[in-house]
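Order of writing sets the labels: A, B, C and D. Residues in every chain begin at 1.
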Amino acid sequence: MLRIAVLGVGRIGRMHAANIALHPRAALAGVFDVNDAAATEIATALGTVKFASAEEAVASEAVDALLIASSTATHADFIEMGVAAGKPVLCEKPIDLSLERVETCAAKIAGSPVPVMLGFVRRFDTGHRAVKAAIEAGRIGDLHQLAITSRDPGLAPAAYIEVSGGIFRDMTIHDFDLARYFLGEEIATVSATGSRLVDPALMERCDDYDTVTITMATAGGKQCVITNSRRAVYGYDQRVEAFGSGGMIATDNKPLDNTRFSGPGATGQAPALLDFFIERYDDAFAAVIGEFVGAAEAGRAPAVGFEDGRQALILAEAALLSVREGRTVSISDIG
Amino acid sequence: MLRIAVLGVGRIGRMHAANIALHPRAALAGVFDVNDAAATEIATALGTVKFASAEEAVASEAVDALLIASSTATHADFIEMGVAAGKPVLCEKPIDLSLERVETCAAKIAGSPVPVMLGFVRRFDTGHRAVKAAIEAGRIGDLHQLAITSRDPGLAPAAYIEVSGGIFRDMTIHDFDLARYFLGEEIATVSATGSRLVDPALMERCDDYDTVTITMATAGGKQCVITNSRRAVYGYDQRVEAFGSGGMIATDNKPLDNTRFSGPGATGQAPALLDFFIERYDDAFAAVIGEFVGAAEAGRAPAVGFEDGRQALILAEAALLSVREGRTVSISDIG
Amino acid sequence: MLRIAVLGVGRIGRMHAANIALHPRAALAGVFDVNDAAATEIATALGTVKFASAEEAVASEAVDALLIASSTATHADFIEMGVAAGKPVLCEKPIDLSLERVETCAAKIAGSPVPVMLGFVRRFDTGHRAVKAAIEAGRIGDLHQLAITSRDPGLAPAAYIEVSGGIFRDMTIHDFDLARYFLGEEIATVSATGSRLVDPALMERCDDYDTVTITMATAGGKQCVITNSRRAVYGYDQRVEAFGSGGMIATDNKPLDNTRFSGPGATGQAPALLDFFIERYDDAFAAVIGEFVGAAEAGRAPAVGFEDGRQALILAEAALLSVREGRTVSISDIG
Amino acid sequence: MLRIAVLGVGRIGRMHAANIALHPRAALAGVFDVNDAAATEIATALGTVKFASAEEAVASEAVDALLIASSTATHADFIEMGVAAGKPVLCEKPIDLSLERVETCAAKIAGSPVPVMLGFVRRFDTGHRAVKAAIEAGRIGDLHQLAITSRDPGLAPAAYIEVSGGIFRDMTIHDFDLARYFLGEEIATVSATGSRLVDPALMERCDDYDTVTITMATAGGKQCVITNSRRAVYGYDQRVEAFGSGGMIATDNKPLDNTRFSGPGATGQAPALLDFFIERYDDAFAAVIGEFVGAAEAGRAPAVGFEDGRQALILAEAALLSVREGRTVSISDIG
């Protein structure tokens, strides 16, 4: 039984805690949150203990591993604490908004055998895994062009956007990781375009973008386009299309159910899409816990780790630089 | 150049005339209609001659073949006239509402080498032909179950319904023919259910049904279900599904275009369906003319002939008997 | 906490036991099976007790309710025992292969307030529920025609087929229940066709059919067609299509994932279907337990009960009679 | 009757000639080709006259208008000749491979009221028109992101590629025009990535690319991504997706027919795609003739004209520059 403490019990932390409780070889070892009242409430609701601090959780003999779902600014500190204590860590993305902080964290944990996993949940989606499996099985031949469409169902609150680190570090970061996952070779160049169309005033104020398109290429010439919007009125749009010398495979969105309606003037209508990421990726979130438990038990590297988190952040930096300077940015110039 | 006279220039006759004009090896030789004013108008519009009578058209040296699109009651007479004159005939369905009349007509033309083709247009639809080809190529193994869904977009006018001969002879007749086309062996038993749901008062008055389901089986046990309704608010519903020991192949409906729309609450909406049969089966109607021209030129039997029209009518009689008597009817008991 | 004993721990019983363990307000109270070795193994694996007999399970003070997943011949006895003991019962279909036995059971439990639920799992499928909700919300207007396609991915072993009670009582029984669920009014007439196409020799020996089509109508004229096959090579085919005066809504099959592949000669291929019922209806099986727990807690009638099981069996009897006698059977003549 | 001479009777010219012959208000006035034997053969086959030179065709009193489907290098000359003679011109894309030549041609015909139409056939596709209509009707709100996927079914012969002017001027030119058509405002910036993945040796030799991705933005921030490949093994891939503040509308590919096949291991397979552009866009090519005839009759500007051809070429130049210099190119810097 891997006893996991959850640091940060906002919406994502709570969801992870529930998945830990459901996993046959994992147990919830307690929770911590800077909002003490919230931590108390959640601990009571889940029938677990509340830790007074992250340090207490890390030090506890009843804790084998850590799940970090606290605010981004704390991620790197908590990773370092967990690794120092020899306790496997599963950390939500991003590692940090600052690449410098990520680098110092990387330096600190370098050489440690303690498993550190990044919560890039989309790699664990059934459809995405099927695309990856098809690529690896050679079903589409050599991958030539990859298209990732990722649109949120609605703009997050201004308070969230303001501290998010910007769309590339906050939202596209998932797609950067997916791109690396599917491409199977490192990305060499990034070119991005950013627009302010959903909420121009907010974006102007935050010096951010709500609508972006990013084109990337590997040294071998494989191309990837990521299309993001902060608001799709038809719901959480999550699609991947991989085109190669031997064919094309794509994953489609997930509607609420598998019905189709035909009425006057419109036929074959599917219902609304699953909304939002917790519903859309529920199987994947459970699989994340499964992978973490497996890696922690075996003391092996998880399927997606710290370096993946660092590389995704480098791509985010490159994209931002590309928009700002109106040029194609070489990854070798970053970090 | 096969010079074809069109007898009856209502909506269907005019459509056929246009297709004759477009065919590279056919020419419109003139038109006849009991409504003389209509005939005059059409002849002028199409730049062709008007015949004063069907007899005149048949006898004309400028006429090589006949297309019969006049009222049902005249079909058998005109077929007999054409065959007697040695002129190939393409006749719209049904041959006649009375099986007796069909039998006497059959007796009269028996032994003649003159091609007589029945206008069962659906056999010439691209999708239906692809299903047939898949069956013949063994793609679905042995055919076990066939489902034909056929629903009109709206109830025909009462004046039409009253003289239509009833839903089985007027509407299902197409599906009976399709069933024979796909099954590839003669049907042995018919069991039907009829309801009055679209316009109960009209159906009551006409002793007819607007909603029917017919189950048929061949001697070998292959099954076919036909589902008909006189009114589908989402449009002209025309689907076939063939299930066999090796797989399943189905044809879907044809929307106005190949777009899909996603908006709040509904995703993947296709537009309305092509409406009505002249639009839905436009390619097929052109192919009907092509087959007729080919058969007439070669003096060979057309792909679908008089006997197919007779067999479809027998199935209609059997279905009606089944509804009336609440029993499974053997085809060997009919006709 | 509702403590539920599981009687019969074959494949279905075990699956139910796992779902009980996962339900937050239910607990597995023990298992019983006539195969004592199997019962011991399962009890150990699930960390629960083994009962020496069904009687012991029913009598145990540690048991609040019963889940009956034993062989069909024991269902009625166990239902009677549970009701006599005042313990809510969730019974797998069918109640019994003999309508007479069902009637005596009905008489014995008549008037008891103890909840008896039938395990018609398909009513709890997300897609089927969405169809039902659409009908009830008036989205398709008045229901006119219902089509249920239900095909197993492969023929069950001969040993199973021989004691199954025949395709109507064993397989179609689910579809009969679904038909009643969607139609919302009792069925008046049944007409069925049976063929032996998948394994003619076995079917001949068992006097059974592997390929059947059943047409039913309510007194009001609503029509329903059920299409069954014991073997679909493309997998577990489970579809429902409801057509009404205002539109049509259908549920489609569930492939393994939401990918589509395009290669030379074929485009838009979805993967194989979920196979078999435990995978296809996994959410629905969990929802069955949820409904049972809710009904048992409240002492209320469950959403699907004993009478639904009896009515489905009556339809099976009627279908068999229709095939044997080649006629449309009135339900009022049965039972 | 608009009497149209066809200059250049290769595959495209012959197809246009056939469509002219089918149009009710157009007639084929003769053909010219530098390959005199080919011209003779086609003239005989189509029952029309052969002109000894383009000059003769333009000067002929029996010619009202010109359709230019000759080699690209002749387009600008023939346009100038037609306009000088006061005869409406329909010219295949591109106007010329050199922007300078296009500019001198523009200067020569400036101010003339003679209709000059560019053969950007995709604007006339039913699906694309439906997307445009949906945008104009406000169905997707404000357009934010447009994605055009355009892949050829196979690499053209090396001899063609070598003189094609490169992928941007030869192939993407259609997509540049479509982008302008849908965006409804001029494009401000272009950023492109080019790879050599289909036939690296040939592309190296021609200093060309076979796999490109182009991102464009309007001054208002609307984004468009074009994805091109010279070879898709699953066929001619032609899709458009328009995303806006109120929804998304997309056109899908066109398979050979509307069937779906399910067999062991794969379900819902559509057949191969229509291949190639003459089949895929056959309705659109006919509509091009219709629009040209209408514009010529009325002496009005056609729906797509010379300036559209010039703008598309400017975008091609910008894309090439972007790939070469690794930067986002402003359209205002070109031309």
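Everything that follows uses one rule, which is that contacts are C-beta pairs under 8 Å (C-beta built on N, C-alpha and C of every residue); 3 or more make two chains touch, one makes a residue touch a chain.
Source: prediction; values computed, not measured.
Listed here as common contacts of subunit A and subunit B: C, D. Of all chains, B has its CA centroid at the greatest distance from the CA centroid of subunit A. The pair with more inter-chain C-beta contacts, choosing from C-D and A-D, is A-D. If you average the Cα atoms of subunit A and of subunit D, the two centres end up 41 Å apart. Mean C-alpha position of subunit C lies 58 Å from that of subunit D. For subunit D, residues that reach two or more other chains under the stated contact definition are 233-234, 246-248, 253, 261-264, 271. Residues of subunit B that touch subunit C in their complex: 141-142, 144-145, 147, 149, 151, 189, 191, 193, 195-198, 211, 213, 215, 217, 221-223, 225, 227, 229, 231-234, 237, 243, 245-248, 326-328. If you check the complex, the residues on subunit D that touch subunit C are 233-235, 253, 255, 261-273. Contacts from subunit C toward subunit A in the complex involve residues 22, 126-127, 129-131, 134, 139-140, 246-254, 256-264, 271.
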